[in-house]
Structures are given as C-alpha cells and as structure tokens.
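In the two complexes that follow, chain A is the common piece, with chain B as its partner first and chain C second.
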Partner chain A sequence: MKGNIMDVTITKDEGKTFVKLDGRIDTTNADQFQHDILPLMGGDNLDIDIDCSGMNYTSSQGLRIFLMLQKSVMSRGGKLVMRNMNPLVKEVFDITGFSNIITII
Partner chain B sequence: MRERSKRFNPITDRSSEIIAFLMASPDMPQDEELRFKIGLSVEEAVENVVRYAYDGGIGWLEAGTSLDHDTLVLTIELRDAGMPFNPLEIPDPDITLPANEREIGGLGIYLCKKMMDSISYRYEDGNNVLTMTKKLKNER
Partner chain C sequence: MHCEMILDEYHEKMPFYEKMKSIVTERLGACLEENKIVVAGLESRIKSEKSLTGKLELKGSKYQTLDDITDILGVRIITYYSDEVDVISALVEKLFDIDWDNSVDKRKMLEIDRFGYMSLHYVCRIPERMYHDPAMPQLNQIRFELQMRSTLQHVWANMYHDMGYKSDVEIPAEYQRNMSRLAGMLELVDEQFSRIRKEINDYRRNVQALVASGDFDEVPLNGDTFRSFLELKPFQRLADKIAAINQAELYEDDLMSYCHILMLMGMRTIGDVVRMRNENEEGAYQLALIQLAGTGLDIVAYSVVLQNICIVYILTQGFGEAGLERMFKLLYGESEYNVQRAHRIYEQAKKINLI
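Showing the complex of A and B:
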C-alpha cells in the first residue's frame, strides 16, 4: 500500500536549519520519514527549528524518530525547537512526556 | 447494536490495510478530535499485533467495531491466535526521564490507554482479545 504524505522542507540560513513538515507520520511512512530527516542527524545542523503547523498526525513511530533527532542534536551540543504544533499532536507530545524533553513553542 | 468484523489472513505487512478497514467503519465518528484519538489507538494496537503476535511467522487478525446506539459507546476488538500476550502488562513508560534516558518501548499501548476510555485484554479459546472503547458524541 502506498504511504501517506509527509513532506520535509529543509532550509539552511546563516547556520540555522529550518524544517517544515507537511502531512502525517504513521505506520505507512515512518521509515521513509526517518530516511528523509537523516541529513539533520549529523553535520553542522546544530540549531534546528521545526515548523509543525502542517503536521496533522503522528503515532509513536513519529515520536521514536523525534527522540532520535533530539538525542542526536543534544549529543552534538546543539538545540532543537518545534513550533506551531496542532493541539491534537501537542496532546500526544504532552501525554508521553515528550513536551519535557523537546522544546515546543 | 451494530457489529462489523473482518478476518485478515495472513497479516504480514498489512497493518495499514487493517487500520483503514477499521477507520472506514460506519460506526466511526466524524468529529476530528475523536477520529484522531481513536485512529491513533487503532494504529498502535494493530501494529502491536502485526509486528509481534506471530513472532515473524504467519497468522491472522480479526478486527471488528461495534456501536451501541443507546449509549453511543464504540467498541473496537482485535483478536489473534499468536503467542499469549497481555499488552496491558507492559509497564507504563517513565515520562519524567530526560531524553538521553528515554526509550521508545511501551509508548504505543500507553497512548491507547490515554486516548481511549477503556482498554481490556483477555485470553479466550486460544486467542488474544484486546478490546478498546470510546464514548462518542451525538452527531446526528
């Protein structure tokens, strides 16, 4: 079965990395999403700002990938911010305690 | 009371199809928040069976919904003949740990517990039976 849409737009500007997510992360596309954000897990991406306004769903599979990203950024001494989260997606982050380990504004 | 179920056999790599079947049920609500919470719970519960119940082997999953029209309680039932396993015995994740100590195990079933009104497990006639319920709003 074809995966659902999860588009990842990455813009680099003066040392900052801006990411825009559009779609949903679920069982059909989590592996693809993990692959698509692999570039953020290394190199000079130390200041990452993710615009979540277009992300309308994530399951625990998406949380797993955001946790990997946060661990990667922390281990390199960088920082990760997620912003404009849909209230239902935010609830998933709140319930699982992910709001305490990732900066959400 | 209306009931609808389908046996998927085999289930290897078919979780998205099984989730789509459940979410297309006429018993499912239209309300966005309810659909989100039920859809997430369905995905997590189905994934658990598809990934782990048969330990890499071949097997079936019977997925069903029912709606009590008097109480507006939606019930989702998943039945499989895999290894006896009660997912409710998985310890809840420690959600207070910092990122570098967090592990991902147990998050899926924890989300089901939080998103649904009730979740229960029984082992019956050689089958694992997981039942989740959610009270719907009157949309009609």
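Showing the complex of A and C:
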C-alpha cells in the first residue's frame, strides 16, 4: 500500500480519456491531486473513465475534486465514470450521497 | 445587359450582405435567448450567384436594381410549435423595420378549402437603433427576407421543394390532391402539439398551486408533483441535522431519481411521502450518525437524506437486505457490490436497533 501519494496516469484512446489512480487522497496531497487532474477540466476531455482499483482512500477534499470534475464534464455534455472502486472507498461515496451524483460501476 | 448590371451590383454589395447576415443572426439569437424561446433552427444564407442568375432569367424584367430583390439575404426561424410563430413575429417587429408592403403571411393567403405552404415572410431592414456604421449606411438600407414557420411547416415545404416544384400550378393535378391532404394533416398535427403543450403547462400550474396549498393527500405522486414538492425543501431540516454531524457542507444534488423509487414503494400521493418522511426521519438521522460520525467527511449530498429515509422505510417494513438490494439496483444499476452494500447497511441498522 502506498503512503500519502496519489499517482495519476492519464492516457487517451479514440477520443476517450482514461485515468488510473493509485494511492490515497487526503489533506496532505489533495492540492497536488487537483493540479494533476486539472487538464481534464477543459478541452476535449468529454468522456472520462477513471480506474480506481489502486485508490485505497479518499477524504472530503478528494470528493470535492471529483465533484468539480463531474460538473465540468457535465457542463460540456460529457460523461464521467468511475470504476473498480474498492469497497472502503465505495462506502465513502455511499454515506456522503456521492454515489447518487457520480456514476460508479 | 440589364441582368449583368444587377449581377455586378450583387458582387459589389457582397461585403454588406455578409455583414448584415452576421448582425441579423446574432441579434435574433440573442433576442430568442433573452425571451427564453428555444427554436428548432435559425438559418441564414446569401443567395448564390447561380440562384440569382436563375431568378433573373425567369423574372429579370421585374427587377430594376438589385435592391428590388429582397431575398439576397434570407433568414429563417423554425419553431417547434406553430403558435410560436406569432410570438416570434411580434419580437421581430420590435427588432427590425418591416417593409409591410412586401411582407406576406402565407398562412392567411390560402383559401378556406385549401391546404399547402404555410409560412410568415417579413421583408426587413436593420434599424439604425440596432446597428449604425456611418461608413456603411447601406446596412440600414438594404432589405432582407425573414421567414418564420413551424418544424412541420418546414418539413412540408422542403418535401414539396425537393420534388422540384416551385408552385402548385406546376404540380400534376393527381398529385396535388395528395400533397394538399398531407398539408392538411400536418396542420392538424401542428395544432394538436400546440394544444397538448398548453394543456401540460396548465396542468403544471395547477399542480404547483395544489402542492403549495399543502393539501398533500389530494396530490398524486408523479414527476411533476414531486418536483413541485421538492421546491418546498421538505427534507431541509433533516439535511441540516445530518450535515451538522461533521459540520459538513451540504451539496444540493437532484432528488428526482427517488420519485420512481417512492412510487415503487407504494407511495400514491405526496401526503404518503410526507408521512413516510415523518415516520422515518429519526431512523434516517441515526443511520447517518453511525455512518458519518468520526469519519471527518465534511461534505454530504442532499440526496443522502432521502436515501436514508428510504433505507429505514424498507428495513422497518420488513423487506430486509433483499429490499435494500432492489433499491440499490434501481438507483445505481446492476452490480455485485449491491449485495455487500445492502449487508453493510443491514448490519449498521441492527446496531442502532432499527430492526
């Protein structure tokens, strides 16, 4: 398990943007995570698929960044999907009601 | 020779037409937006040289100068509903100077027993109050044509035009009757769409009044009534209480996806939803408390309120984990995680004696 690091890998394929997250998002690295994810909040990143299999925790700061990304994608007529979330992270989304906002598969 | 002069004038004035096209479409678009009118299309075109040559070959003697031809710049607004044509024409009359002598309402030109082309054609000028460039006074002098018609009128006109006829005198009599029948049918459909829209708007106004009256048992639960009910912020008190657990920010998301779930749970009226809220809000709060306290999560979505109320209702009605799984399937789609999700919540509910 990684420490207070969140690795963000962004790739593109046939117009779709794939994001792979590894690590955790908390107060110590949320600003860096926001900076890493910033390129997705504009341009032609309309169809975003986030693989969360390597993400082991997110704090409220992480939720706010995902919410910001969701709003940005929606306002441009795109779609954000988060997949392969581990049960602990899913629970965070459930108990805050964020599972009602973001598509998690 | 006469036609060549008109064509030369056409080329000289092209920059004015280009500029006019941009002004007219930009102002019309802004006006529609300001008045919250969504249209099916706003089109504009400058007549091509080929098309102008064809027109001059056919009716050249009718025109002395290019200014006599009023449709070099043509703009068209296509509405969704036929009754919107009158609303838009009133706005157009305020926006532009209308040349009434050359404007025609083709909708009123048909005999009472005839059906066919229906469109409103205005010949307009850009008034100085809208745009004035002393270096280009022609922009306020040159006329352009603005057509307004409904989508179905547009479909009929396009199909007719596609068959290669410019007027109904050219069409063979045996086909003319069928085209007229189609035009009559589309006119009826247009009228029905407008009528249905008006009835739905009346219904929504009535629903809003009924919900606002507070006589909830008289209000059936459906998408319109639930939306009006949500405007009263019926879950705000519980949402604030849940947010206070972690001094959290409350994010106002949409609760409409719960309407279908409430209906499947057997809620028939808004009154049923109010009773369900009243009977389950303490349980919903206790559930949020056990889930959120100590997590430090300081943002929650408004929908967590209704999510928890539904969970508590399902459990207290004895539907158990299977009931929760069904709800999650409806909310989040088919997923193996729904089983885990249901089991986790079931265990939490046991701890706080909800079951």
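The criterion applied here is as follows: the second predicted complex is superposed on the first by the 102 of 105 C-alpha atoms of A that agree within 3 Å, B and C clash if a C-alpha of one lies under 4 Å from a C-alpha of the other, contacts with A are read in each partner's own complex, and residues count from 1 in each chain.
Definition applied: a residue touches a chain if its C-beta (ideal position, glycine included) is under 8 Å from a C-beta of that chain, and two chains touch if they have at least 3 such contacts.
Quantities reported herein were computed from a predicted structural model and do not represent experimental measurements.
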Which superposed partner A:Leu21 touches (first chain B, second chain C, both, neither): neither
Contacts of A:Leu67 with chain B and chain C, given as first, second, both or neither: both
First, second, both or neither for A:Leu88, with chain B first and chain C second: first
Touching partner for A:Ile105 - first (chain B), second (chain C), both, neither: second
Which of chain B and chain C A:Gly97 touches, first, second, both or neither: both
Touched partner set for A:Ile37, first chain B, second chain C, both or neither: neither
Chain B versus chain C as contact partner of A:Met6, first or second or both or neither: neither
Which superposed partner A:Met55 touches (first chain B, second chain C, both, neither): neither
Common ground on chain A, meaning residues reached by chain C in one complex and by chain B in the other: 59-60, 63-64, 67, 92, 95-97, 100-101
Contacting residues of chain B [partner chain A, same complex]: 15-17, 19, 32-33, 36-37, 39-40, 43-44, 47, 93-100, 102, 104, 107-108, 110-111, 114-115
Of chain A, residues touching chain C in the complex: 59-60, 63-64, 67, 87, 90-92, 94-101, 104-105
Contact set on chain C toward chain A in their complex: 248, 251, 253, 257, 288, 291-292, 295-305, 307, 331-333, 335, 337, 340-341, 344
Sites on chain A touched by chain B in the complex: 1, 26-28, 57, 59-61, 63-64, 67, 70-71, 74-75, 88, 92, 95-97, 100-102
